[in-house]
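So, here's a batch of structures to check.
Shared between the two complexes below is subunit A, which has subunit B as its partner in the first and subunit C in the second.
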Partner chain A sequence: MSIHAQSIDLKDRFAAFFYKHQSTIREGLPEGINQHRQVAIEAFQQNGIPDRNVEDYKYTDLNPAFEKDYRTYIRPKQIDFNLNDIFHCDVPALDTHVVLLLNGWFYEKKTPQKKLPNGVIITSLREAANEYPEVIQKHYNQYADSKNQGLTALNTAFAQDGVFIYVPRGKAMDKPVQIINLLMDEEPGMSQHRNLMVMEEGSQAKVIVCDHTLSQSTFLTNSVTEIYAGQNAHMDFVRIQNEHNDSTQISNLYLNQERDSNVTSNTISLHGGLIRNNYYLRLNGENCENKTLGLYLTDRGQHIDSYVHMDHAHPHSRSNQLFKGVLDDYATGAFNGRILVRQDAQKTEAYQANNNILLTDDAKMNSKPQLEIYADDVKCSHGGTSGQLNGDALFYLRSRGIPLKEAQLLLMYAFAHEIIGEIHIQPLQDRIHELTEKRLRGELTRCNYCQMHCGDSGKN
Partner chain B sequence: MLTIKNLHVSIEDKQILKGINLEVQKGEIHAIMGPNGSGKSTLASVLAGRNLFNITEGEIIYEGKNLLEMAPEERAREGIFLGFQYPVEIPGVSMMNFLKTAVNEQRKHRGLEPMKSSDFLKMMREKKDLVEIDSNLTNRSVNEGFSGGEKKRNEIFQMAMLDPRLSILDETDSGLDIDALKIVAHGVNKLKSSENATIVITHYQRLLNYIIPDRVHVLYDGQIVKSGNKDLAIELEDKGYDWLRKETQAG
Partner chain C sequence: MAKEQDKILQKYTGNEYKYGWVTDVESDTLPKGLNEDIIRAISKKKNEPEFLLDFRLKAYRHWKEMKMPEWAHLKIPEIDYQDMVYYSAPKQKAGPKSIDDVDPELKKTFDRLGIPIDEQKRLAGVAVDAVMDSSSVKTTFKEKLAELGIIFCSFSEAVQNHPDLVREYMGSVVPYTDNYFAALNSAVFSDGSFVYIPKGVRTPMELSTYFRINAANTGQFERTLIVAEDDSYVSYLEGCTAPIRDENQLHAAIVEIVAKNNAHVKYSTVQNWYPGDKEGKGGIYNFVTKRGKAQGNHSKISWTQVETGSSITWKYPSVILMGDNSVGEFYSVAVTNNHQQADTGTKMIHIGKNTKSTIVSKGISAGYSNNSYRGLVKITKNAENARNFSQCDSMLMGDRCGAHTFPYIETENRSAIVEHEATTSKIGDDQIFYCNQRGINEEDAIGLIVNGYAKEVINKLPMEFAVEAQTLLQISLEGSVG
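And now, the complex of A and B:
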C-alpha cells in the first residue's frame, strides 16, 4: 500500500496510485464525497505539489517531504495500543467532547456519544456522508479550492475520513469539541484526513484541535478542514500543533463566514519539523468579524510557513490577523498574508501584522504582507517586524536584579501572551501558557509524547 | 561605600566622561547637577551596568568590589538601584510578576526562600502606602500606558520594594509637576537611612528644596568642576551654568 519513491514525477506517482487504488478509496462512501475525486485528481495533475516557483510557496519547498516513501492509510491500520496508557488529562477542568483521529482515521472507541440531545452531531466524516447526505451535498468541497490548489485537490482525491461536526440552528455546544490527531506507526506514514464543520444560523461552538506524533517515524499530513459559519454563528477554533522534528504538516483551513458571524481561530505551533498552515478565509456577508491568530515557537532546523488569504467580499466586516513567532537557533519561517477587499466591500476594516523575534543571527524569517483593495472606503493596515528582544527593556529588567536569561524569558513570554490571551477556553489558555513557558525555557525539546495529555479524563 | 576614581567613558569614539572622581559614604545624599550633555545620565547608566559605553580608564569600587566587572543584575542584587530617566514600557509583563521575580531574585542572592504570595502582597501594600502610589498601577503591565508622573512614582515604588543600599535617581524630577515632585521627594526621604546612600541627578535645583543633599557636585563637560554643600545648588540656580562655564574657562 505504500507509494514507492520512483524517478517519475511526483504528481504522476500520486495519480497512478490513485487510479490503481481508487476502488478501495471509494469503498463505503457515497457519491456526495466520491463525485469530487476525479475532478480533483485531474486538477492535482495540473497543479502538482507546489515548489518554490509558485509565488505563494516561495519560501517553502514541499517536494522533498512528498518524495519520501510513506504508507498511505487507504485502509485504517490496526495498531495495538492502550489509549489510557498514552493519555491522562493534564489540563485541569478542561471538559470536552473528545474525538480521536488515528493516522487520519476516526477512532470509534473514543466517541461514545455521536449525537447530543440538542441535535449537535459529532462523528466521523464517513458516517456523516452516509447518514446526512444532504448536509454533505450542500457543504462538502464547497469552500475548499480543489481546482487551483494542488494540495487541496490531492486531499479531495484521497480523503476517506475525518471529523464531522454539525451544530443546528440556534444551538450552542455544551462544551468544546476536542479533536486529537494522533500519528503513530513504526513506519513512515501519510495522512490526508478531511474535516467538515457546519455551524447553522445563530449556533455556537468551540473546537480544539491537537496534532501529535506519538512515534518517531517520519510523518506527512496534508489535511483539509472546511468550516461553514452560518449567519450570526459564533465559533472559537483553537489548534495546537505539537509534532516531532521529522514530521511535515500541511493544514489547509477553508472558512466561509456568513453575515453577522464571528470566528476566532488561534493556532499555537509549539513544535514541528516543517509546518505549512494555509488559511483561506472568506467573509461572505456583511458585518462579519474574524480574528486569525498564530503563535509559533521554533528552534533548530524547524520551519514554519503561514499563508493567509482573507477575502472581504461584502461591506462592513472586520478582520484582524496577528501572527507572532520566536525563532531560535537556525530555525526558519515565512509569513505570507494577503487581504483582498472586493469592490463592494465598503467600510471594511482589515488589519494584519506579523511580528518575529529572532534569537540568533542564523534564524531567518521572510514576511510578506499584501493588500489588494478595490473598495475606496476602507480601513486597512499591514506590517511586519523581525528583530531582537528590546535592549532597553532587557536592561530595565536586569537592573532590578533579574538575570539575563530570565529577563529574556519574561519578554518572550510577554510577546507570546498577546496571542495566548485570545484563547477563550480558560483551562486551555492556562495550560498553553505553561507549555509556552516550558517551551521557551527549552524544556520541551522532545515531542514524541503528547504534551497535552488530555485525551482522557483520567484525573478528572 | 562607593568610590569612583578617574573614570573615563566614551561612546563611539566620543569622550563623554573625562576623569570623574567621587566618594559616597553610607547615610549620605549626593546631588549631581549640570547642564544638558554634561554626562550626568551616562554616569548613572555606567553605575547601573549598561553596556553601551566603553570604559577607557579609571575604576569604580562599590563595597570593596570592582563594580565594573559585575553584570547589571549582580549590581542590583548587591544593592544598587537606578531610577530611570525614561522608564521602559514592557507590555505583557505584569508589574506583579516583574516585582515578584525581582524581589525573589534578590532573596535568592541572600540565601532566603522565595516570598509567600500573601507576604508579598502585604509588602506591596505597605510600600505603596509609603510612597503614595496609586494602587491600580500594580495591576497593569510594567509602565505600559503610565503617565510621565506615574512612571516616576513607579520607580520610587520599585526602589521601596527592593530596598537598595545605593540608589541613583536619574532626573527623576524631570517632567513632574510640583505635587508629583513632592510625592517623589517624600518617598526618597522616607527611604533614607543611615545604612543607605542616594545619588540624585538633576538639572534643576527645585528637587533639592525637598531632598536636602549632603554634597552637591557640578558636572560639566565630563568632569566634576565644583563640589560643595547644599548652598552650591542655590548659587547655581541664581547664577546659572554660565557662571561656572566662565569660571572653568578662567581656571
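And now, the complex of A and C:
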C-alpha cells in the first residue's frame, strides 16, 4: 500500500494510486464527501505539487518531500495497545475535551463522549459525514480551494477522516477542544486528514491542535482544516507544532468569517523538519475581526514557511497578522503574507508584520509581506524586519551584571512574548512560555512531554 | 461636493498630453519584422565591429528561447514582435558637425520640447544627447566635456570611436541573458548614450539625454552605458516623450552603470511617454532594465525617477552593492491615472561589507489604474553590517484604482538590519477642509498635498527636473480626489 518513488511524475504517481485504491478510499463515506474526489484529483493533476516556479512557493520546494516512499494510511493502522497509556498531554491545569488522531485517523478510545449536553458535537469526520449529512453538504469543501491549490486538491481527493466540531447557535463550549495529531509508525508514513469546524451564529469555542511524532520514521502530513465562523461567532485557534526534524508538515487552514465574527489563530512552531503553514482567510462580512499570529523557533536544518492570504471582501473589517521568528544554526525561514482588499471594502483596517532574528550567518530568512488594495478609504500597512538582537539592549543588561547568554535569552523571550501573550487559554499560555524558554535554551527535545521517551537519544 | 469633485476631475484628467504631436522628418526605416537578417542589417547600417554583431545574434538566439515574463501585476496584451519596425532613424547626411547640419524640423521638435539642443543655449548649462526614434540626433557640449577627458556621445559613436570601452563594459551589468526584454534590446538596440568619466573628474554640468519616439509602429530600443572611474562624479538626466497614437508602441531600453572606487553616479529620470487616452487606448509599453553596479569601495549609485507616462510600465532600477561601504539609493514617484498600469520598484543586492541602501517609493493611483511597487532587498551571506531601509507609500484617489506592494526581503547574514514599511492612504477630507478653511481652493489643496507627499523624492531631482516633475504631477493628478 505504498507509493513507490519512481522517476514518473509525482502527479501521475498520486493519481494512479488514487484510481487504483479509490474504492477503499470511498468505502464507508457518503456522497457528501466522495462527490468531491474526482474533481479534486483532476485539479491536482492540473496543478501538481508546487515547486519553486510557483510564486507562492518561491522559497519552499515541496517536491523532494513528496518523492520519498511513504505508506499511505487508507485504512487505519491497527494498534494493539491503548494510546492513552503511552501518550498524554502534560500541561498542568489544562482541562480540555481531548481528541486523538493517529496517523490521520480518529482514535475512538480517547473520545467516548461525542455529543455534549448543550448540543456541541465533537466527533470524527467519518461519523459526522454519515450522521449529519446536511452539515457536511453545506460546509464540506466549500471554503477550501480544491481547484487551484494542488495540495488542497490532493487532500480532498484522499481525505478519509479527521475531526469534526459543531457548535450550535448561541452555544459556548465549556472547555477547549484539544486535537492531538500523533504520527507513529516504523515505516515512513503520509497522513492527509481533514478537519471541519462549524461555528453557528453567536457561538463560542476554543480549539487547540498539537502535532507530535511518536517514532523516528519520516512523516509527511498534508492536512486541511476548514473553519466556518458564523455571524458573531468567537473562536480561538491555537496550533502547537512539535514534530521531529525528519518530518514534513503542510497545514492548510481555510477560514471563512461571517459578519461580526472574531477569530484569533495562533501558531507556535517549536520543532519540525519542514513546515509549511498555509492560511487562507476570508472575511466574508462586515465588521469581522481577525488576528493571525505565528511564532517559529527553528534551528539546525529546519525550514519553516508561513503563507497568509487575507481576503477583505467586505467593508469595516479589521485584521492583524504578526509573525515572529528566531532562526538559529543553518535554519531557513520564509514568510509570505498578502492582504487583499477588494473593491468597495472600504474602512478596512489591515496590518501585517514579520519580524525575524537571525542568530547565525548561516541562517536565512526570506520575507514577502504584500499588499493588494483596490479600495481607497482604508488603513493598511505592513512591515518586515530582519536583524539581530539589539546591541544597546544587550549592553544594558550586561552592564547590570547579567551574563551575555542570559541577556540574549531574555531578549528573545521578550521577542516571543508578543505572540504567546495572545494565547487566551491561560494554562496553555504558561506552558508555552515555559516550553519556549526551554526551547531557546536548547533544552527541549521533542519528546519531553511524552511518556514514551522513545527517541531521546536519537535525532531531534 | 461630489459633483464639484467630478468637475475638477474631468478638467484635469481631461488635460491633453502636451507632447503628442508628430514631427514630419524623413526617416530611414527598415521593414517590419524581426529575424537575423534584420539584425545584420541594423548592424551593417551602423557599421559595427564584428563583436557587436555576434553579441546581437547571440542575444537574439537566446531571446527566441525565452518566454514573455508573466509575474508582474500587469495585464499586458499580446505583443506581435513581427509587426514592428526595429530601426527607424531620422535621415541625415553623415553626422551633424554643427547645429546648421541638423534637420530644421528636428531642431523644431526639440525646441518644442524645451530641450537646449542648440549650443547657443550654453547658459542652460546642460549637456544634451537627444535620441529620436532609434538614433542619436545631436550631442551638445561635446568638446567642452572632452577637455576634461569625459566622453559623452551617442552609443553608435562610442562603438566607432571607443570600441574597447564598449566591449569591456557593455553587458557587464545587464547581460543579454538577463531577461526577456533585455535580450530583445541586446539583439536590436540601435542607439543610446555613452558616458565615460575618467578618474578623479567631477562632471561640471548635468548630462542629459532626451528620448523621443516619433515614427509610427516603431519600437524604441536604446542602450545607455555609464562608466565612472575612481573618484569621479556624474549626474545624468533622462527624459522621454512620444506622440499620441492609437496603437501601442514598445520601448525596451537598457541602462547600465558601473561605479568604481569612490565614484558617485546620480541618475534621474522623468518618464513621460504617452500614457494612452482616457479609455486606455494607445500609449507606450515601457519595459526597461536599469541596473547599476557599485563595484568599487565607497561607491554610490542613486536612482531617482518620476514616472507619470506610459500605458504600461515594467521597470526596476537596481543596484548591485559589490564594493565595501558602497551605497545604493532609489527614490521614486510613480503616478498612474485612467487605465495606466505600473509595476515598478528596485532591487538592492548587498554583497560588500557595510553596504547601505535606501528605498523611498511613493505611488499615486487614480482613475482605473493599478500601481504596484515590487522590490527585492537581498543581503548575501558575506554582506556584514548591511543596512537597508525601505519605505513604500501608496496614495489612492478614487475607489476604482488599485495600489499594491510586493516587497521581497532575503536575509542571509545576521548582522544585517533590514526594515520595510509601507502604508496606504488617501487624501483626507479633513486635510482638504483645513486648506479650504484657509482660503485655498480644492484643486490647489490637492496639488499642495500631492506635492508634499512626493516631496521627499522630488527634492532629490536636479533643479531643472524638479520643476518639470512638479508640473507633471499637477497635470497628471490634481483634482482626482475620490
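Note that the second predicted complex is superposed on the first by the 437 of 460 C-alpha atoms of A that agree within 3 Å, B and C clash if a C-alpha of one lies under 4 Å from a C-alpha of the other, contacts with A are read in each partner's own complex, and residues count from 1 in each chain.
Definition applied: a contact is a pair of C-beta atoms (placed from the backbone, for glycine too) under 8 Å apart; a residue touches a chain by one contact, two chains touch by 3 or more.
Please read these numbers as outputs of a predicted model, since none were measured by experiment.
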Which of subunit B and subunit C A:Lys109 touches, first, second, both or neither: neither
Partner chain in contact with A:Gly401 - subunit B first, subunit C second, else both or neither: first
First, second, both or neither for A:Lys364, with subunit B first and subunit C second: second
First, second, both or neither for A:Gln343, with subunit B first and subunit C second: second
If touched residues of subunit A are counted for subunit B and for subunit C, the larger one: C
Which of subunit B and subunit C A:Gly384 touches, first, second, both or neither: second
Which superposed partner A:Ile373 touches (first subunit B, second subunit C, both, neither): second
First, second, both or neither for A:His417, with subunit B first and subunit C second: first
Complex interface listing, subunit B residues touching subunit A: 48-50, 71-73, 75-77, 81-82, 84, 87-88, 90-93, 97-98, 101-102, 105-106, 109, 141-142, 158, 162
Subunit A partner contacts - residues on subunit C that touch it in the complex: 71, 73, 379, 381, 394, 396-426, 482
Residue ranges of subunit A in contact with subunit C within the complex: 55, 343-344, 346, 356, 358-388
Subunit A to subunit B touching residues, read off their complex: 390, 392-393, 395-404, 406-407, 410-411, 413-415, 417-418
